[in-house]
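Look at the two complexes coming up: chain A is in both, with chain B in one and chain C in the other.
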Partner chain A sequence: MYDFKGFTLDWYKELFQDTRLLIIVLNTIVVALLAALISTMIGVLGALAIHMARKRNTKNALLSLNNVLIVSPDVIIGASFLILFTMAGIKLGFYSVLLSHIAFCIPIVVLMVLPKLSEMSPSLIDAARDLGASGWDVFSKVIIPYISPGIFAGFFMALTYSFDDFAVTFFVTGNGFSTLSVEIYSLARRGISLHINALSALLFLFTMLLVVVYYFISKRNKPNGMGVGK
Partner chain B sequence: MSRIFRFFIAIALVSGVLLYAISSLNSEQGYSGENTLTIYNWGDYIDADLINRFEKETGMKVIYETFDSNEAMMTKIKQGGTHYDIAIPSEYMIDKMRKEKLLVQLDHSKLPNLKYIDKRFMDLPFDPKNHFSVPYFWGTVGITYNPKMLNGKEIDSWSDLWDPELKNQILLVDGAREVIGMGLNSLGYSLNDTDKGHLLEAKNKLDSLTPNVKAIVGDEIRLLLENQEAAVGLVWSGVASEIMAENEDLEYVVPKEGSNLWFDNMVIPKTAKNVDGAHQFINYMLDPKIAAQNTEYVSYSTPNKAALQYLPKEMVEDERFYPSSELTEKLEVYENLGKENLAYYNELFLQFKMHRK
Partner chain C sequence: MENKLTRSLYAVPYLLWIILFVVAPILLVLYYSFFNIEGQLSLSNYEKFFTPVYLKMIFSSFWYAFLITAISLAVAYPAAYLLTKTTHKQLWLLLIITPSWINLLLKAYAFLGIFGTYGAANNFLEMVGIGSKQILFTDFSFVFVSVYIFIPFMILPIFNSLNDLNPTLLDAANDLGASRWTTFRRVIFPLTIDGVKSGCQVVFIPALSLFMLTRLIAGNRVITLGTAIEQHFLVTEDWGMGSMISVFLMITMVLIMMLTGSRKRGA
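For the complex of A and B:
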C-alpha cells in the first residue's frame, strides 16, 4: 500500500482461491442470520412477557435483567461464556458461537420491540376479543402485525451486532471454526494482505444490494396499509 | 403475520443453503473425518502450499487456526474445549506453558530431521534439551531506520540513537523488556540483568533519550515506519523484513553492542488428540527443502542449517537477518526472571514512559 502503481483484479482472484477464507465468510453470514432469526423469535416473546407483566416491580426487574447483557462489556461476556461452555462440556465451535450470539442479541430485540408494544392501544386487543378472536388470533392477527416494524428493526439490529461482533466471538471460537472478525484480527501480526480489502469491498457491495432489495420490497408492500396487515 | 412468517422462512432457507454450502466446501477440503491434525499458529505464518503437500503425503487433513497473541493462545489451550495438536508460541510462553504442564514431551526418535537444526538454537534456557519444543523461526531485536530521511547517516549501535540530530525521530515498541533491554545493552549489561543498580542506571540513560523519542507504540509501528512518519524504530527483525519489503528505503541493523534473540517454537499442547500426527508434521517442517520453501514465504530467519543451501544467496548472506556468528554470540535469549524482577522492569518502564519530555 506504500506506493500506488495502478489497478488490478489480482486480489479478487486470490480471494476466491482461498477456500478457507470463503468458508469463514460463509460461517460469519450463517451465524449472523441464524442468531438474528432465533433471537428475534425469543426476543419478541420476551418483550410480550415484559409488557404483560401485571406488577410494576416484576416489569422493572425483568427489564433490568434484560439490560444486564447490554451494559456489561463484551470482553466480560465472552470470557464468561468461555468458562460456561468449557464447564458444561460444550465443544467450542459453531454451536458455542451461535449460542453466545443469540444470547447477546436477545436484549437488543427486546428493546426494539417493547416501545412498539407500549405504543399499541390496549383497546385494540379488547376489540379483537370482543369480536370473538381466540388468544392465538389476537397474537397473530393483531399484535404481531402491529409490532412488525419493531420486529424487523430488531432483526436487522441483531444481524449487524452478530455480524461485526469481535470480543465475544474471539473467546468462544475454536476447533477449526472461526469468523471473519477474529480471522482478520489474527492476521494483524504479519500485516493484512490486500485480499482482505477485496473481501471488504465485496461485502460492502453485498450489503448495499441487500439494502436496495429491502427498499423495493418495503415499497411494494406499502399500499397494504400500515399497522394491521393481511 | 404472514409477511413476517414468510420473511423468517426465507431467512431460514437461506441459512440452510449456506450451511449446506459450508459443509460441502468443508468436505471438499476434507475438514471432516477422523484423521485430522489441528494446527494453531500466528496468522499467515506458514506457506499454505506446504500444508497441502503434507496432506497429500500423509493422507491426514490439516485444520489451520490462527491466534494473534501468545496470551490468547495460552488461554484457549489452558481452558480446554479445544484440541490443538500443534501450537507455535514464542519462547517466553513456552517456558510458562512447560512449567504449567500444558505441553506434551516430544519423542525425539520420531523427529529424525531434528539433526538439521543449528546447534546454536538448541538446548536454550527456556526449554533445556528441547524436551518440549522445536525451533520454527527466530529473529532479533534491532533498529530500523531510513537513511534518506537522515541524509545518509548510518546507524549501527544502540548509542547512535542518543545522537541529538535524531530529535523527535525515534519510535519505540511498547514492550518493557525490549526498551529496558536497549538501555541495558547500550551500557554493556546483560538483557537478563536483575541488579537493581544496573537497571536504575539503564532507566536513567533511557530518560536522557526522551527528546529523541517521538512515540511509544504497538503494532501500528509498522505503518508509521512504512509511511515515513519517523526515521528510526526499535523493532523485531520479523517486522523489519516485512516493512522493508514494502518500503525499499528502509534499513535494518542489529546493534553491535548486542541484542535480544527470540524464537517461535513448535510445541504439542496437552490437549492434542493426534500426537503421532503432530510428530509427523514437526518432522516434515524440519525437512531442509520444506523449511527453505517456508522461509521464502514467511521471510523470517530459519533455524534450519541444512535449509540455508536451498535459499537464495542474497537472503542467507544478508547479515541483517542472518547475523555473523561473532554478533550472534552477543545476542541473548530472554530468561524468565521471575515475577518480582519482571514487576520491577515494568515499573521502570512505566516511569520511563511517564518521564517523557
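For the complex of A and C:
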C-alpha cells in the first residue's frame, strides 16, 4: 500500500459495498441519536432538580455526583459498567451500549443546561404564576423555551461524545454488536489498510460536521460565550 | 404534601441515574476487588498488589504519566503565552483545540501510518541521511503521541489563566526594575499556577489510564494502569484484580484532584 500511484475513489466504493460495515455505521448512528435524545431528556430534568434544590448542601452533593462520570477515566467507567450489566443480567450488546452511552452523556447535558437555568431570572416564573400558569405551563412555555439553547448544545455535545466514544463501548459491547470506533480499533490492530483510511476520513468528516453545527448553535445563542471549552 | 410529591416527581429519572450508574458501579467495583480469581471472598488481590510485579507496573505507569505531563507542560506553557500575544487569539485557540474534537482512535491510527516503516517520519530520516529506524512500538512513539494528544487540554486552562492576567501587574514589575525572568518567576508564574495545576490534572489522570494507545502505538511494551485494568477485565477475566487496580486508580485520582484542586471550591 506504500506505492502511491494516484487518487482513486475505489476504497470508498469498496466501503459502501461492505454490508457488515454499513450495519455497524448504522448501529453507531442509531446508538448516538437515541443516547443523545434520552440523555438530553433526563439531563434537562436533572439540571432542573439541581437548580431547584433548596439546600446548598444538596445542590453541591448532586453536582459532585453529577461530575463523577465526567472526571473518571473511561477505563473505570467501562469496567464498572461491565460489572453492573453482568450483575443485572443485561446481555452485552445493543442495549448495554445504549444504556452506558446514555449514562455518560447525562452529566454533560446537565452541565450545558445548568448555566442557562441560573441565568434565568426567577421573576419570569413568578410572573407566569401570577398570570395563572399551571406548573406544567411554566415548565413548557417559560423554562423550556428559555433554556432551549442549552438543551440544543447539550444534545449535540452528547451526540459527539457518544459518536466518539471508544473506551466505554469497548468494554460493554459483546460479541455480536460493534460500533464504528470499536471496529476501527480491531482493524487498526491488524495494521494499516486503505479500507480504514477511507472509513477514518468519513468518521472525521462526520465529527467535524457535528462540531460545526454545535459551534454555530452555541455562537448564535451565547453572545457572551463560554469560550471554546468542552 | 401531594403537591410536594408531584413537584419532586420530575427528578426521579435523574436520581435513578445517579443511583444506578454513578453510585452502584463504584460500589460494585469496590465489592469485586475483594474476590480472588476463583470467586472467593479474600484479600488476596490486595496482597498481590504489593508484589514486585505490580509495584513495578505501577511505578512505570506513574513514570510515563509524569513524563507525558511534564513534556506537555513544557510545550504548552510557552505556546499559551505566545497565544495571548497574538492578535487573533480566539481563532488560534480554536485551531489548537480542533484536534481534540477528532476521535482519539483516528489520531492514533494516523500515527501508525506516519511512524510506520515506510511512513513519513522514516522517509524524512532517510532523506536527511540518518536512515530508517524503528519508531513505532517504542517508548518514544508512545510518549510523543500521548503528548500530542494531551497538549490541547494543557494549553486551554493555562491560556485562560494567562489571559485573565492583569497586564498592569507586568508594567508595575517592569517599573520596579524586575528583569523579564524575575517578572516571569515572581509575577506571571505564581498568578497562573491554578491554570497549570488544572492542566496537569486533566493530563495526568488520563495519562495513567490510557489503554488503547499502549496497544496500538507502544505495541504492548508500555503497561499503564488502564492497560492493566483492560487486560484483567477482558483478557484474563480476573475481575477481582482488575477491580483492585480500578480502586487504586480511583484513589489516586481523588488524591491528585485534592492536591491540584484550587481553593475556590464549592461553587
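To be clear about the criterion, the second predicted complex is superposed on the first by the 195 of 230 C-alpha atoms of A that agree within 3 Å, B and C clash if a C-alpha of one lies under 4 Å from a C-alpha of the other, contacts with A are read in each partner's own complex, and residues count from 1 in each chain.
As a working rule, a contact is a pair of C-beta atoms (placed from the backbone, for glycine too) under 8 Å apart; a residue touches a chain by one contact, two chains touch by 3 or more.
All of these numbers come straight from a predicted model, not from anything done at the bench.
Partners chain B and chain C clash in the overlay (superposition on chain A).
By the touch criterion stated above, A:Val211 is placed in contact with chain C alone, chain B being left untouched.
In the superposed model, A:Leu82 lies in contact with both chain B and chain C.
By the document's definition of touching, neither partner reaches A:Ala127: not chain B, not chain C.
Touch criterion met: A:Val30 reaches chain B, while chain C stays clear of it.
After overlaying the two complexes on the shared chain, residue contacts for A:Lys91 are found with chain B alone; chain C is out of touch.
Of the two partner chains placed by the overlay, only chain C lies in contact with A:Val68; chain B stays clear of it.
By the document's definition of touching, of the two partners only chain B reaches A:Ile151; chain C does not.
Of the two partner chains, chain B is the only one touched by A:Ser140; chain C is not. After superposition on chain A, the stretch of chain C whose C-alpha atoms clash with chain B is 117-125, while the remaining options among 9-17, 117-125, 189-197 or 243-251 stay clear. The intersection of chain A residues touching chain B with those touching chain C, taken from the two complexes, comprises 2, 41, 82-83, 170, 185, 188-189, 191, 229-230.
Residue ranges on chain A touching chain C, taken from their complex, read 2, 41-43, 45-46, 48-49, 60, 62, 65-66, 68-69, 71-84, 87, 100, 103, 106, 110, 135, 160, 164, 166-167, 170-171, 181, 184-185, 188-189, 191-192, 196-197, 200, 203-204, 207-208, 211, 227-230.
By the touch criterion stated above, chain A contacts chain B in their complex at residues 1-2, 19-20, 22-23, 26-27, 29-30, 33-34, 36-37, 40-41, 82-83, 85-86, 90-92, 96, 140-141, 144-145, 148, 151-152, 170, 174-176, 178, 183, 185-191, 193, 221, 229-230. Residue ranges on chain C touching chain A, taken from their complex, read 6-8, 10-11, 13-15, 17-18, 20-26, 28-29, 32, 90, 93-94, 97-98, 100-106, 108-110, 112-113, 116, 118, 156, 160, 205-206, 208-209, 211-212, 215-216, 225-226, 229-230, 233-234, 239, 242-243, 246, 249-250, 253, 257, 266. Partner chain A is touched in their complex by these residues of chain B: 1-4, 7-8, 11-12, 14-15, 18-19, 21-22, 25-26, 28-29, 31, 38, 42-45, 48, 63-68, 72, 75-76, 79-83, 219, 222, 226-227, 238, 242, 246-247, 298.
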